[in-house]
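Sending over a structure as structure tokens; questions will come in a sec.
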Amino acid sequence: MIEVHDLHKHFGGFHAVDGASLRIRKGSITGLIGPNGAGKTTLFNVIAGRLPPTSGRVTMAGEDITGLPPHALFHKGLLRTFQIAHEFSSMTVRENLMMVPAAQAGESLWNAWFARGRIRQEEAALRRKADEVLDFLTIAHVADERAGNLSGGQKKLLELGRTMMVDARIVFLDEVGAGVNRTLLNTIADAIVRLNRERGYTFCVIEHDMDFISRICDPVIVMAQGKVLAEGSAQEILRNEAVIEAYLGTGLKNKVPA
Amino acid sequence: QDAAAPKIGILLGFTGPLESIMPNMATAAEIAIAEVNAAGGILGQQVASERADSTCVDSAAATAAAEGLVNGGVNAIMGADCSGVTGAVLANVAVPNGIGMISPSATSPGLSTAEDNGLFFRTAPSDSRQGEILAQVLTERGTTDVALTYTNNDYGKGLSDSFTQAFQAQGGTVSITVPHEDGKADYSAEVGSLAASGSDVLLVAGYTDQGGRGIVQNALDTGAFETFVFPDGMVGQDIVDALGDGLSSSFGTLPGSDSPGATRFQEIAAAQDLDGTSVYTGESYDAAALMMLAMAAAGSTAGADWTAQVEAIANAPGEQILPGELGRALELIAAGTDIDYVGATAVEMIGGGDSAGNFREVEFGTGSIETVRFR
Amino acid sequence: MTTLPDATLAKPIARPDHLRAVLLYAGMAALIAVTGAAMGWNYALTVVNMGLISAIMALGVNLQWGFAGLFNVGVMGFVALGGLATVLVATPPQPEAWSAGGLRVIAGLALGALTVVALVVLRGRMTAGRGRALALVVVGVLGFLAARWVLDPGVLAVEAVNPSVSGNLGGLGLPVLLAWPAGGLLAAGAAWIIGKTALGLRSDYLAIATLGIAEIILAVMKNEDWLARGVKNVVGLPAPVPQEIALQTDPAFVARAASLGLSAVDASTLWVKVLYLGLFAVVLAGLLLLAQLALKSPWGRMMRAIRDNEVAAEAMGKDVTARHLQIFVLGSALCGIAGAMMVTLDGQLTPGSYQPLRYTFLIWVMVIVGGSGNNWGAVLGGFLIWWLWVIVEPVGNALFGALATVLPPDSPIASHLQDASAHMRLLTMGLVLLLMLRFSPRGLIPER
Amino acid sequence: MDLLNALVTFLNFVFIPAAAYGAQLALGALGATLVYGILRFSNFAHGETMAFGTAATILLTFGLQALGVTFGPLPTALLALPLGIAATALLVLGTDRAVYRFYRVKRAAPVIYVVASLGVMFIMSAITRFLVGVEDIQFTDGARFVINARDFRDWSGLEEGLALRSTQLITLVVAALAVAALFWFLNRTRTGKSMRAFSDNEDLALLSGINPDRVVAVTWIIVAALTTTAGVLYGLDKSFKAFTYFQLLLPIFAAAVVGGLGNPLGAIAGGFVIAFSEVMVTYAWKQVVAYAVPGDWVPAGLLQLMTTEYKFAVSFAILIIVLLFKPTGLFKGQSV
Amino acid sequence: MTDTHDPLHDDRGNNDASIVKPGGGGLHVADNSGTRPAPRLTDAFLVGEGMVGGYGRGPSILNGCTIAAEKGQIAVIVGPNGAGKSTAMKAVFGMLDLRQGSVRLNGEDITRLSPQARVAKGMAFVPQVRNIFASMTVEENLEMGAFLRRDDIRGTIEQIYDLFPILKAKRRQPAGELSGGQRQQVAVGRALMTQPSVLMLDEPTAGVSPIVMDELFDRIIEVARQGITILMVEQNARQALEIADRGYVLVQGGNAFTGTGKELLADPQVRKSFLGG
């Protein structure tokens, strides 16, 4: 689905992504893990058109998409969430979702002025859809709240909810789990699996919660210092010495206070 | 409307770009009014006055202010100051309401042809005439090559155009023409360019306390020019005070005849704590005086009536009237004698409401302005 | 309808407070009525007419800022362009000037435009680097010099034709009402070019860029006399309504006025103003309706999303650049229309009178005080602030007049007060502005 | 060919005026950029603050002169300056207390501050005009020149003169000192850092124990010092007129923006960019070239790229070009 | 969601019923507080008792919750998203006006004190969001943490760098340019710079990698051992509760469960509903 060829992204002299090459298979739920600052988010940003690469190429289903702007990629079915929530803070939660679908008739001024009836129908459908998503994410009771007033975790849920408003081909999730209640995260994991199976979405997931990763991801790609360190099934990765040393660690040294 | 009590609206830009000269102009007009009132007023009544703010630049606000004046019972408007607002007030308030206007400072040639129904006059001389006079003065002094800078408004532009035309016709060259904006922070660029022209003489068509002053100051400081030529807007005691002997080889022209009107006016002004050489103060005094004399002559305050008398009052034949003699003028009018209002600026009305103007040629000495001849 | 699971968790659903808006508009109407009663209806109508025009400008700024968060501080430039359009559309052409150098001027301009096109093409075709920079500079300078070489003699020739009354190429001689849409179009065209270059800038950087562009537009209008006489002004523009003088001499009109108990002067001045009011009100109502429909549609929602968070909007498939350009052009077009209307009302174009304080910042005050993001708020702000802007002057004068009467008339303090009274306008304006902002910091009719 | 005269001409008509004007703008821009950097809004009352500070200093100067106090070759106004600064500081602190603090507590959007500052601008302009009126005021005394054009000509035997006014020199020196001090203050001192922290994240600043009232007060006091100094130096060099100070606002903001808002170094750079572009692009280079090249090469035209009526437009055009390549100014400014 | 809609039987399988259906589902705020009332720890070092409050004039977010931490101990708050955990923290820190209830530190009522005054009293707080000075360098962020300290802070800075080595490498970089996890480390580092007597952390481990999270928890234990009181909100709840002396489950602004960390971890209902099984 997505292939990244020898990608570099430099900030001044700093090589955030330093020659990463990887493939995200169509229909997979690929996990992307790695220490803080490994370059995962930067890689996402380059793939999703937020940042221009210093060098290297990204292809999607064989087509070169390097340097396309984010909105163009969205129309090709590439969606992403943000690690630091980017909600539309002065809009209501429901509006945050309703604005997502592309090619809304009502987004043309002409229709806004002269085709009110059509817009009304479209809006009703969007509203239903948004309410379903909100229900699923357990935040339906704040549907009319300003998104800026949500709690940290609720914002992350909203991030995820936006990707559920449209039919995507590939979804990049950047730490949707950080700050999300673990019980709810399990539900989200189930949903991701279902979307993957039933609708054929491809996922690429950055997460630091290894339970979550090992539960749904195959394969898992490990990044460190801007390069791909390892790739394999979750089981393999969890046993990989290099990964343990760079990323996983050996667990709490002092589990219980004296 | 004819029975209405005489009331003069003073519509000037008390706020805005030319705010620094307006209070003096208003005071000058009020001095004239006070003088008439001291002599018993006109039409048996005291003349009232009311100030309003034209802002100089905001036509809509000026129009509203003028409407306010009209509503307040004003039957003549002394103003406005800048040509833009003057045109707007004339077209939208004065003409529709049949109210006469005399502007002391709007010099735009465009106003000569505006549809005014005969209601509009001005005491400031037309730029084109002064341009010719300046060209003459320069030619006679043997200068054939000048650099020119003008304030970028209709006054400066008009003066610059007419001067250039006249000067070139007399065989002179204008080596460079540089407009300047008033009220700006710095005039180095202008002076730099003017200096580069290689001319020795700089004609500054600006205002004494605006960009014109800035240019002269800067030119003196950098040693770019030593000889300046000043039209009316630049001749004033304040610039002499500010620049001192820097101007000792400079000269200029300003409206005025060999009548002692200007001096008289300055004395009167000084008695009232007003700088009588400040820009357009004489014109303001004259504008107000003309209005009242014309009303007295017409025996009416209605615009159509008194404006019909303005030319007769301002021009010969008749007994000459100088500043401070308004009381006598009223007596003469009452007696049916013709008068010729000369005033502070040697007012002379030609067709279209313009003032012909006679000119005084002055030289700057050390700290003083000397009249050398009249033209 | 969603029901809320728990009353304590649910926030009251925010709804625009219609009652408040209605009351505020009623209050505004009352202010106008009081003004009319106290200062005369001519005065009140003058204020209302300009208020209508200000409301359109405020609507334009509100589109850009309230809807899309574009910090356009170049309002003055677009207003001035609208005014220019009036001259170009409604004044008669000057055949003499055209034959003197008209074609040369046009050719020079075309050459200039060609240079710009060449630059853009070059920039797209060549790869970035020192070579491209050099090529761009060379082409730019040569093109500029060539354009000037063609243009300048033409300009001189045109400006030499009867400079004291014309000296320009004149206009098309079309009905002046056509100038209003033309003003919108001219401003929109300029906005498109400006938007293409400058809209990449954010917040205050965009602000100062647009401010600068407005100054550049003004510089051109002031100094290119062949276009619209520059600082020499164009006066006596045709009016879309009958002239007062004509009405006063029309026996039928005078008779009808008399039957209403009005003098011919009063009736004619009022009638002309009412006619203008009708025209302006129709334009404002139409534009307000369109703006309102747009705001309440998914288009408006998309714009708000872009305003809130461009990065996220872009990631959600919205073409932020294109939308910014669209709304920048639309908002500027409104300012252009208003500018054309204003020049028509004044009957003259005076480029020297365009000042940022009056035509940019005051409009911004209208939008913010009225309530940015809310069309009704912006329109109310337009009326209210304009009303205030003109009314503080007589009020300030009256206040000081009252003060001065207590003092002996010839005391120095009294004369100082007299001169200072003009600044009452500034003081009152500032105070009222601060008070309004204090008591409704989000605007009189806030967004939601 | 006469390279020395060419150089002197260039210095006299281009370099020195542009540098001095640039320094004047830069000093003004420093205050504006500081308000933006710490309090996060464009203060439209900035020009009027300058005017007020200058007016206060002028009154004090007149008082000193009446008492017969002078400052040797330096302008007396410099003696009155500290008191003028104090008066201005009181005014801006009072303004902050009466106006801006309310919005800070409310967490209002920056644009609200901007419009509030317009209101403040109106009031301050009225106060200044009540205080000293609208007329042009000259308050300079002491030696006007460090180098006088005529003296230079006599001394050097060159055809061209060179002038350097004392106020120009003072302005340049003060601007250099001010930016160095400000830069050091903001980046090295505890208080300076706490001010930056406050501007970055007010809540977190609170959590770190930073006292917001103190930060704001210190900011305004520095701003008062900078603006008053800038205003007085400008007024000494040219003259004082309230309206001109309001007009100064635009080039000052342009300087602050082109340099990068919130960045003191940017303010200085911006001031010079604006000043030099105004002067250089519209300068008629004929005279300089005429000295620099052999006689028969001298071109007929004035060698003027743009006429001076476009000088404002030129400086803005250059500003826009700079921003197109560096969207947050030369020195990476902030943006809200 | 409509009136007839039952979220428990939604086929999407939502099992966090407490938020969407108060009073329904398996967990009842009222029930639990009835059977296991929040203990009155009036003598605890830090107590937020019976707190009721919300944002502005909005509805109450906190509905009488009580949170307490003993000196030198670790208290952990867990709960679903939007339960009011962060709000409770802000309330304890004085960034929110309480409508009822009180906050006490070391026996002294500090309910009316401003956040600044609380900082001066030795409290430190890492908010959940916007917890760094983005435009300032990493080192300046740390210095700002020590703003009120008058002693030499070099040593503490070095300690922080030892704890988070990556920060040392990036000391001169604006914190806004850091990765998500690195920012989190800066935020915690900033709070540690205060050398507080009470350290409040809102989800300190959100987004940090496992190895750093372990380090962080280690360090927190260490800090607690020095006698510093720790109050933190965590979604990595199992790890957090393991080191917690006291755990609170907050639901809808009220205490749903309270106990030692071990007790909560052992409670199957808590595990299932809040800890992800």
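The first chain written gets the first letter, and so on, giving A, B, C, D and E; residue counts start at 1 in each chain.
Note that a contact is a pair of C-beta atoms (placed from the backbone, for glycine too) under 8 Å apart; a residue touches a chain by one contact, two chains touch by 3 or more.
By chain, UniProt protein names: A, E = ABC transporter ATP-binding protein; C, D = Branched-chain amino acid ABC transporter permease.
Since we're looking at a predicted model, the values are computed, not measured.
Novice: Using the touch definition from the top, what's the fewest steps needed to get from chain B to chain E?
Specialist: When the steps are counted carefully, the minimum from chain B to chain E is 2.
Novice: Please identify the chain with the largest separation between its CA centroid and the CA centroid of chain A.
Specialist: Taking each chain's C-alpha mean as its centre, the farthest from chain A is B.
Novice: Work out the mean Cα position per chain and let me know which chain is farthest from chain E.
Specialist: B
Novice: Taking the mean of the C-alpha atoms as each chain's centre, how many Å separate chain A from chain D?
Specialist: Here the centre of chain D sits 49 Å away from the centre of chain A.
Novice: Taking each chain's centre as the mean position of its Cα atoms, how many Å separate chain C from chain D?
Specialist: Chain C and chain D have C-alpha centres separated by 30 Å.
Novice: Using CA atom averages as chain centres, what separation in Å is found between chain C and chain E?
Specialist: Centres of chain C and chain E (C-alpha means) sit 52 Å apart.
Novice: Where does chain E touch two or more other chains at once, residue-wise?
Specialist: Touching at least two other chains: 1, 20.
Novice: Which chain A residues touch at least two other chains?
Specialist: Only 131, 140-142 qualify.
Novice: So which bits of chain B are touching at least two other chains?
Specialist: 16-17, 19, 22-23, 152, 179
Novice: Which of the residues in chain B come into contact with chain C in the complex?
Specialist: 1, 14-17, 19, 22-23, 50-53, 56-61, 63-65, 67-68, 70-71, 82-85, 87-88, 91-92, 95-98, 108-111, 113-115, 117, 128, 152-154, 156-158, 161-162, 179
Novice: In the complex formed with chain D, which residues of chain E make contact?
Specialist: Residues in contact with chain D: 93, 95, 115-116, 119-120, 124-125, 127, 130-136, 140, 143-145, 147-148, 190, 194.
Novice: Using the touch definition up top, name the residues of chain C that touch chain B in the complex.
Specialist: Counting only chain C, the residues touching chain B are 39-40, 42-43, 46-47, 50, 53, 163-165, 222-223, 229-236, 243-245, 265, 268-269, 272, 342, 345-348, 350, 352-355, 358, 389-390, 393-394, 397, 418-419, 421-423, 425-426.
Novice: Help me check something: in the complex, which residues belonging to chain D touch chain C?
Specialist: 36, 42, 44, 99, 102-103, 106, 108, 111-112, 114-116, 118-127, 129-130, 133, 246, 250, 253-254, 257-258, 261, 307, 309-310, 312-313, 316-317, 319-320, 323-324, 327-329, 333, 335-336
Novice: Show me the residue ranges of chain C that touch chain D in the complex, using the header's touch definition.
Specialist: Per the touch definition, chain C meets chain D at residues 65, 71, 197-198, 200-205, 207-209, 211-213, 215-216, 219-220, 222-223, 356-357, 361, 364-365, 368-369, 372, 419-420, 423-424, 426-427, 429-431, 433-434, 437-438, 441-442.
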